[in-house]
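Below, subunit A partners subunit B and then partners subunit C, in two separate complexes.
So, the complex of A and B:
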């Protein structure tokens, strides 16, 4: 399988010339959002979208560029969240160590990345459905372990009152600061993935996806490349996980329960795993459905708890019409429009 | 069709053209070090089928060898064992004096071995420039770099040279999936030339090429720097015997005969087996 990815390595134009106006408009809108949107929309809709988008982006990097479908991303994020609670401060002072933020944040990211790397090292020796099974097995093991371990993970209850440090005297859990925090992290992760996809490492990863045998015949260690892809994606998942824990102000086994683990996959697939923007589109759809579907269901006289039904139906419809997710639908639509505009056919269909 | 006539004219002679006659005993005696490639008793079984059995072969640095044989003679299996795509069932493989029998493919490549594939194995979703650039990265320290290359990058410059060497400059920004078959074959060669190759395995590089493309291929091969040796599998005698200075005939997984192109060409058994009917 080969994906159309590239503009050539040496073709590097100015940033202004390369980015279409639509993107500038979206960027401007996102920056100006706190002036238009309500606090609920900022914190609950966009904050959550950016966070889930980041964790799904880490899956998109592995699946889209590396051809590896990993179900461990949510678990890596949850581990980072747990570490922030354990190493930093939380509502469980008997366990939390109370380290300063400049120590516990990097430590949490590094340990979570090491964990992701270790899982990768086990998973990359398998392909396809077996990768999914191994990562799902480890994710389940993590869920049950955290639920039963009280010494470190505080069992069923987990940790409450896990909040971001009051850096620069700002309460980062207020809607507007939290919006900008998640927006900044998500943009950074997005541009990092876009940038790395054209670096030697990213190109080689796509080479490994398309043709592992040829890659080793060019001197690349296929296994090492795949494992390092897990490391890179784990860093993004870890940052996303920390933000998620800060948003909820708590972390518990349910943060990375099996439904949550699967949701990350659903978000990535619904959005589209071929391009880094896909997971964010998927996350927005997911969050909108999660937040508003109870209202819709109640309006039809159904129980609000059945929101998963709507998500499931939405997932089915999108995957049925476009295996490439919403991005694929958009590309189909563009292709059709371009066809209709064909001047040689005089507007006939 | 006479093979002698199709040899390159004197004007095309490059420094790598070596005297083609050496006595067979000398070539077969294996000098343990100083050989580019040395196979001893290499056997590869697929189930009960011996794709190659007890192959012993020595190639000096800079030597250009053609491996001939009918379909199923074991030529490509031989290549796969040498590059590490398969591990041989038994026997040893030494590359520049070092025992690489158990090495993974990428470790052998980093020691200067290269290969091309019979059916092009390229990255269809990437451009020509990206394909060659990747090949240059594979054997360099920057292969894990997260930084994008600059235009001034040595590897980018090297990639540009290689693209020119295989006459693909006009197509450098074309997606490989959109290249013609002949261009893909040329790109295969560019990938094999990346880095600092010392020994290359060409697996039927001329298969499916037009006559013009074939003569381009011959000029690319004969103009390779003298220190680069190669083994070429080729059914087209015009190509094989013009670029090679020694020939190994394989048949049913065994080395059947070794000699200079003239010796092989005039060998009665070989003629019967291979050059036979349609070729006479």
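So, the complex of A and C:
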């Protein structure tokens, strides 16, 4: 009897107590953001942060849990964006097919995921740095192909006027609705990654990352797990890509140009590649730098165009001093404080 | 060669037939039926020669890249930036002194010194951490690209070739026959031929150094097993420094070459980085003959594709890479690891 009572208490604790109060505070703040922030902050800063965070999250899933650093994620996202423009409506009516939204959104995600899987199947034949090189090469092939192909991808100009469908009579490109749309997608993606990382598949994937030989001796198919990881991450990247295209209202080869592809890696590494929250922190830092660094540089008498130098130097400093990104710095700081506070708790997480 | 024939008799015959057919296309004047299908012979030969010279340029860039990778396991994604930096520096030197040839040794030394600095101050500190090294090179390439954009701006530069190399030369290749039976020969820019010859000479010199000298022996041993080499008393850090400086210097010199027969613009660094990546993936990591073969294949595919299927020429390149990866992941001439 007493046993049953105690378990019910632990279950209650599990629901409420397992999530630290700080997280509840952040969640509340994010939900209430439209009441305090301006439209520019909502749409340009937070919308962009969530989108870039999602695409980087897909890279974080591959790199952190699968041990595969793939540079194809931005390309998968851009492909999904292109498909939305081609299958749905855009400013180029000669190419766009004008399908209804419930058809073209899933179609875009599925085709992009298939593409990501195919690239993954090619990339998992190699390991470590080879994977970076091969995915980078495929990403740039996509960039050059879209730039030269006018029949399907409309070449250099791409598609403009790609807007989200007016569901429930709401214009989803208004700042507050777009903020909630990206917030919902980003949190869904975040919790999906957390859930999958704790599922049997995710655990096996982490086993494959740590010791592929042992996992294959235990009867797990190493290749299948890796390719499936690409599929899962491609779905997240595709959703992020569609949102990105809706935010800019246009998609062009430059959406997945080589600098953009590298930026995703920079964001994931700066934020921290070990935990799913890292990419969002990295994306926030990146977006703040992108938006405000011209002003700061101008204040110091430098040309506002040098923000890339700033981002590159920041990235170099982080990689030099903390390979786990900003989160790694934070954890180091926490560990040191815990050490000072109570020497008996040192070894515990 | 013989062992290859013994292992793959069918492939050898197919390869031989292909090579013979290609030579026939190059040497003989084309019959009218063929010209209808493939266009004029002049266009075909020009595409082939541009492909070979472009391959020579790719080889110059990629040889340093593949050597650095083979020895140090370091994917230097800043290699393209070193190429572009070499090109800009060469432009400045050639303009200031008026001597095109003088630019080569100076740029080799300058960019090589930058390579020394990078290897000694940056990569040595994170030896064995491949991913971190790669990330650092990405950061360096971003920073270098922006600094170069700052100094030289967004316009395109062209290094002028000296007078004794400008102008066309006649090659002993028959394009067509005049009605009276006289052969018409192909003319081609002299500077490109010079670059092709220089690339072949440099390639042969590298092969000789690698296979016939003590330093080359050390490098080859390091590529195979650097721990054992270090354990047998070789100061491997010096070998690393030498190879990295050499690779960087080669990239810088290739920048002058690229600036002479193409142009120097801010996007070129990533273009040549990707070209080196593809060349090295196709040819095989860490192999100089592999880099030569890969550069030749990619250069030819790019130029012939540009003539016969302009929209998809870039895709051909990557298709070749994907095929090689799918069927021979270690590259055409790469050692199986």
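Rule of thumb we're sticking to: the second predicted complex is superposed on the first by the 329 of 349 C-alpha atoms of A that agree within 3 Å, B and C clash if a C-alpha of one lies under 4 Å from a C-alpha of the other, contacts with A are read in each partner's own complex, and residues count from 1 in each chain.
As a convention for this text, a contact is a pair of C-beta atoms (placed from the backbone, for glycine too) under 8 Å apart; a residue touches a chain by one contact, two chains touch by 3 or more.
Treat the numbers as computed from the prediction; the structure is a model and nothing was measured.
Visitor: Of the two partner chains, subunit B (first) and subunit C (second), which one does A:210 touch, if any: first, second, both, or neither?
Guide: After superposing on A, A:210 lies in contact with subunit B but is clear of subunit C.
Visitor: Is A:134 contacted by the first partner subunit B, the second partner subunit C, both or neither?
Guide: Second partner only, subunit C.
Visitor: Could you say whether A:200 touches subunit B, subunit C, both of them, or neither, answering first, second, both or neither?
Guide: In the superposition, A:200 contacts subunit B only.
Visitor: Have a look at where A:315 lands relative to subunit B and subunit C in the superposition and call it first, second, both or neither.
Guide: In the superposition, A:315 contacts subunit C only.
Visitor: One more residue to check, A:145. First (subunit B), second (subunit C), both or neither?
Guide: second
Visitor: Which partner does A:218 contact after superposing on A: first (subunit B), second (subunit C), both, neither?
Guide: First partner only.
Visitor: So, does A:262 touch the first partner subunit B, the second partner subunit C, both, or neither?
Guide: second
Visitor: On subunit A, what residues does subunit B touch that subunit C touches as well?
Guide: In subunit A, no position sits in both the subunit B and subunit C interfaces.
Visitor: Quick check: in the complex, which residue numbers of subunit B touch subunit A?
Guide: It is residues 83-85, 104-106, 109-110, 114-115, 117, 121-127, 129-130, 133-135, 137-139, 142-149, 151, 156, 172-173, 175, 177, 191, 194-195 of subunit B that touch subunit A.
Visitor: Looking at the complex, which residues from subunit A come into contact with subunit B?
Guide: Touching subunit B from subunit A are residues 2-12, 195-196, 198-204, 206-207, 210-211, 213-222, 224-225, 228, 232.
Visitor: For a test of understanding, state which residues of subunit C touch subunit A in their complex under the given definition.
Guide: 73, 75, 129-132, 134-136, 138-140, 142-143, 145-147, 149-150, 270, 274, 277-278, 281, 285, 310-312, 314-315, 317-318, 321-322, 325-326, 329
Visitor: For a test of understanding, state which residues of subunit A touch subunit C in their complex under the given definition.
Guide: That would be residues 69, 122, 125-126, 128-130, 132-134, 136-138, 140-141, 144-145, 148-150, 258, 262, 265-266, 269, 303, 305-306, 308-309, 311-313, 315-316, 319-320, 323 of subunit A.
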